[in-house]
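Okay, so chain A shows up in both of these, paired with chain B first and chain C after.
The block that comes next holds the complex of A and B.
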């Protein structure tokens, strides 16, 4: 089996790049979940919360099916390796992890098939945030996923920080992301229609 | 709004690169897509010029997917430093793929090799996308050394260079040192445009 990451070392600089290797079954499963989330968004008259919950549930499902092991206290390393191998790579997601420590990991996604194929950048970013949050919080319920730049906003990459222990400020992150997409809900609805 | 922004960016790129040998463009991540679109439109409007686009930020195949016909534009060649590191094995006659973004010597050689084949009378231009991404994969001191060499070689061969720098807190101190090696700096701000 190939390594889930490629480690790139340059003097003291170390980063890890995922190795996309698409698997049709998982791509189909994501497509279905994505369509359900967008359908719920339309049916609810643009409620971002509904779409986000659907994405998070999809993430929790992926965790149950592909990641879950008999581990009481997960470490970042124990979480990242199977997530990259069983989720990122089969979904064709190319990302660079710029740091992985005991407390947090930072990633820059520079290739996301959902963004490429859906033509709905806001909906794709919202869904990606939701499902990654679902996967992450399944292992680290005290943690939080912080979203930096996103392709939907015009940035070249989606920036995520995975924090094992959320600070008080981090606890508002989900709400912040939700508010951002709520303000852009018209753009999302227009792109869907 | 987007068109006004792109037109304005196009005009600023055009003015700056015609007059100066090297231009550094500092931009917030969210303006990246607009800037790249403006750049490609500018390149297509000057079919008599020869361009080399070095991408470290996004795989070549993603650029093609996002900007459609750019792979058919005859006056631009690409060098992709990220695809192979992410295990993406696309092949395209219009693009040279480098194994890793840390192979800076090879990158420098490939740039010069492409321009060697261009008629002396033709205006030659290079776009480096981006210094900030190079710093993710390489020790900043090595990037500085590479950039010095590249700037000197380009000057000696009358190649105009544009180097992008996407603003990020963590790399700003290195970027500031690097970007000011250019003859002219453009800072992209929504309010400024």
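The block that comes next holds the complex of A and C.
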């Protein structure tokens, strides 16, 4: 894989680095959706489920507009290249994919403009998880997005694993993430208000 | 006075803006942003007529509580509580997972391998097909008014293509049943292309907007589209008081 990644290789490892190339239209679209998700969280009296669904719907919309092709059974490679080119890079997301295989891919996002600009790390992390999940499940309905560390938890980066076939445990990742942010809903609301 | 060809929205001045309400057989798409009180409008629509109300973000009880708070009678509304069904499916999935783990802890290695080889068990994703529920209920509906609040839920679970196909089928069923179908969705999430497609499906398109003017917020309801009734296109400023939507300053655009 070359573009839209930069491939860095040594004897033992290969990693792929995104090439951020910000596009105002997509940044604006995400900003609008993020504000809608915040607004819906407030309107619903703090229902994390509503904010999560909003983010997922936004991700599915991005998939429809920027990724979707006539592919019956997607492969990780077919999915990941347009996602990095049309979503990660235009959103200015600096990420390193530490592994990409047929079954799963691992990424470390170490720069996310949403986190920098929103000043709401919990809401930004929740939204980022939701919209990436929406993009991923649009191609891999049997898959799951696993969130490792997140900036909202004080980590310097967000760790995601994209799994094409979710295990039993993985299937509850969305609820786990939601529960984590439900516990922090007060922090989210405080940061919004 | 509402003629036999029209259905009242439940808001007198909106009926006036629409010059008699919504024509029977029409599909109305309502777009709004958070802060526009679109969730209040959706409930006020359910205050008149014989109504089938799909609620996806709030439970039936929450909807009824809000209606009671405004002094609206929810008796005419029949609810399909998708919010509760969805929450229940998540809870039951979690319970199944716990029971599978409990069961597995008592199994031998060979039995474990046999279970493992059957692939992913249909638990967390084993929820109901909510889009099929929506489709079936509308197809067989005899209700005067059907309200889907909101499409956002379905768009978080299904592809836009599937949702569009379902709404298109719902529109046809509604036309045949001579009811009125209201589809509510949030603006700014799903992309402009999808919003345009939904506006294309709608016979009537209403949009709620909130504009900041200095330190104040002004809210506007615009009738963006009314098939075969061009002169009904107009805009009205509105506020929300203890009785719900209050439309003021109606302005005709065409």
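We adopt the following convention: the second predicted complex is superposed on the first by the 191 of 193 C-alpha atoms of A that agree within 3 Å, B and C clash if a C-alpha of one lies under 4 Å from a C-alpha of the other, contacts with A are read in each partner's own complex, and residues count from 1 in each chain.
Operating definition for what follows: a residue touches a chain if its C-beta (ideal position, glycine included) is under 8 Å from a C-beta of that chain, and two chains touch if they have at least 3 such contacts.
Quick caveat: nothing in here was measured; it's all calculated off a predicted structure.
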item: Broader residue contact with chain A after superposition on the shared chain, chain B or chain C; value: C
item: Which of chain B and chain C A:17 touches, first, second, both or neither; value: first
item: Partner chain in contact with A:36 - chain B first, chain C second, else both or neither; value: second
item: Chain B versus chain C as contact partner of A:157, first or second or both or neither; value: first
item: Which superposed partner A:54 touches (first chain B, second chain C, both, neither); value: second
item: Touched partner set for A:113, first chain B, second chain C, both or neither; value: neither
item: Touching partner for A:8 - first (chain B), second (chain C), both, neither; value: first
item: Contact set on chain B toward chain A in their complex; value: 29-34, 57-59, 62, 65, 82, 85-88, 100-102, 136-139, 141-142, 166
item: Chain A-facing residues of chain C, complex; value: 33-35, 39, 57-58, 87, 90, 93-94, 97, 100, 119-121, 123-125, 152-153, 155-161, 186-191, 193-194
item: Of chain A, residues touching chain B in the complex; value: 6, 8, 10-13, 15, 17-21, 94, 96, 98, 108, 110-111, 116, 149, 153-157
item: Residues of chain A touching chain C in the complex; value: 29, 32-33, 35-40, 42-44, 47, 49-50, 52-54, 56-58, 60-62, 64-65, 134, 138, 141-142, 165-168, 171-172, 175
